């Protein structure tokens, strides 16, 4: 994994002056002027900017600005302090993130490995930029694959009886590794409410249907029974309503009467893996903002 | 409409020797041999053939054969009689249709005209080949458009109180015009069970969602509420389970966080009209076979 | 056409305070701050903003801002004057447009009417907002259709011998009607260099292939000969290099070995019309910026 | 690789009675009757059948039949002999293939591994069923990956000076391993005419553009220069006309003005790998028939 470490260091170095400002506040005139004036005065050059308002006359305003700023890492805290004043004026919820600080990620997986594989490949090729801290599974199928990428694999068996203990072990590991984002890459287990609440909009799931069609178990079988002509996959943040969390990305693929449930399952894999990979990428780049039970995706 | 009449006559003349054989029977060896031998002996040349078996070892077998046969119109009844023997041997459900005999169609519409318009245009340009007997509406918005194509328009107002009488009037017209296929081009009324049962798998609806997501009323509003990233349209045969009939065709289009419910409605129109037009075309060409609550589409 | 007039007046009234600022200039820090400060000080509320830089360190910067401003129509010239100072500082090319001032459009058409029809329908339904001044054709097939929408239709026959005179007549009409945008809705004639140069990036064409494949005549025949599995349509600004102008929008549709050249032609119509309609819509909304021989599309 | 061997044996056993009959002949009445009668008399049950005629009145007829037949492996030669008589009557070109006999495949690769990876994964998961005999590369990047799947990797450096010798070595290996299908998974070298002619329609390439746009080198750079809004990938059989061989499959993906040439390259990878994988799968299943410079794909 020497090559991979080297690649990451080079990325971090290249991006050491790159920051992102994410803001959400009641819409009113003058927000963009104030924020862009702030960035200008602080020597920050806007690289990309996306904004959206639910209703320019009194709705909620969202903006994501990616900028370059000399000596950003040294100036982190002074920037934060200075911006706090503007934020107060406009009653902003906001955060400043630094591209240099890679988000730490844990991937949860069960027996089916196609989504995990896609993430590992895109990570290795540099398309998915994150620090994959570990992979956790209730089975051992993924062990060899994960370790071949030099990533720690932890097997935590899961049964009805030991669910609480298993989740405690998971939580301990997440804390230990300071994990920020959890990816359920076909994990097939329902997380307990406490686990979910401890990670609000930090857990990304892939559901193998075009939600809200076929919420819950065995969506391909049910799609087959219903005789749909198109199947889908949906990536969403996990909430405590099963498959009802904010949708990040969806995609579909055509099927026909010749496809049995097993064919749908095979065919569906290709969109499951690409939909999850896109959703994860956008999340890691701070492009996804949750608003109510929906997402704004600045991609 | 002189031009249109001329175009239709020319089509019928060109297709006067074109027939279609549709068969459904328990699968067993020898079916294709028997059917193709029959066609060969009767001087019919196969132009297109599609087959499907739910399970070649004891499932149900389906075949659609389009053929050319000299003097077909004169030989209709002799062909039917001769084939009956083969059909008996293999316990076939079957029908022989003649492309020359255009299916008679009625279009039901309400206030929104985009689907009706698409059908009329494709009909006029010769892409949709049918005999549009009449258009029936509970409103008058479509009157001018329909009559400009030389097609009878009948306004039958519909209220809670007069539903039974209105439907009786509709049924009378369908009988009078010998209508075979009924197209609900955004008709927005739920047909009574008796009406539906009188036309099994002869009524084609367009539902403005990606079924089975958003069954029922106001699908775009609900899609907006759910925050989906893709919207869809579904054309299906009408049964007495609302939006649960066999699906013929579906398609989708991307939307994003900027799209309000009204934008979804506008955007969705483009797929509603193309999905319905495709489903109708396939139905008119005897390409859609209902099997259980699903369709086999030989396209 | 009473209804249509009424619909347009209502739109113009609703949009009377809506303006758009389009800017292109060398990238440097402070542009967004200056522009947004200007808008804020002039009482303009940003409704939508899109920006792009070819290279934030010394490239070209583009921004499109849609804003609302009290009494905009009265303040047009003062706004223009005030902004001129900022524009000078940053060496901007810019324009300020007013949604209330509908762009005047002429549609050129030949014998095939599907693209014209789509534009007229979307115009009538309020999805395409423009002032269609007239339709010009070298044939008469479109006459009845165009006039049924209450739009002037002018027949200008075109032959090798009269091309110069015919174009002069066209130019005269365009001037008379003060036309801003010319749409070639399958016009099938090559405009003379003088004609094109008189309307830089104001003439939108639909080419019935996925450019740069099949530049020039008979693209569907050539696509059939090549055995492609997908066909396309491309809408672009007309320049004096045939089919080489800046591309605005493209789309594709699948075909297979069963499709003859005629089938490709039929199938292709559905994407030709939707691609052209989208390109026209974006152009009319000032969403398309030409840069070199490419477009930036802020949609 | 124990698991993989086991999986293959189990597939071969399950398919030991499965054969495919591929026929191409002048169209005339009675072909289907004769062929299906032959299969019936020989105890073969049709599992899937696809046919196509370039023109039912005197064109070329193509049929692909997949069938099950007791003790097929023992009856191979008798079936071949018996069918030869029918074939003669109808002047057929034909072949009988046996699913049990996995096609032997060689993959050629250079430095970019995404297409190779996709093939290896789909092979490992059982979606791509073939006997991958070896991977040949002019570089060493793929060595570790290939060998981790238990597949022989052969490094044959390639320079202007040693091209002839290098190709001779390749040919020797192909012969030694009895390779039937050669897959160029982003191989980036032009094969010599002799090499190509020795493997007619047995070499499958992936070209990173939507052919016939951007034939030749650096298609993404040229797509970027042209400002296209959609990029594509094309899988085709290799002939001695560069990028002009019969197209098997194509697909596309949207891009926009923000995408630099490097982004197109990254984005394009996802369709390159899926397009190549589909083309290879169809070829291995005898679903692709070359006719002139086109393909008929019975999928």
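Going by the order they are written in, the chains are A, B, C and D; count residues from 1 in each one.
Quick note on the criterion: a contact is a pair of C-beta atoms (placed from the backbone, for glycine too) under 8 Å apart; a residue touches a chain by one contact, two chains touch by 3 or more.
Going by UniProt, the chains are A, B, C, D = Formyltetrahydrofolate deformylase.
None of the values given here were measured: they were computed from a predicted structure.
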item	value
Chain whose Cα centroid lies at the greatest distance from that of chain C	D
Copies chain A and chain D touch via same or different residues, half shared test	same
Centroid distance [mean C-alpha coordinates] between chain D and chain B, Å	38
Junction residues of chain A - those touching two or more other chains	none
Chain D - residues contacting chain A, complex	114, 117, 121, 125, 127, 148, 266, 270, 274
Contact set on chain B toward chain D in their complex	29-30, 32-33, 36-37, 39-40, 43-49, 51, 53, 56-57, 68
Chain B partner contacts - residues on chain A that touch it in the complex	52, 210-214, 226-230, 232, 246-252, 256-258, 291-297
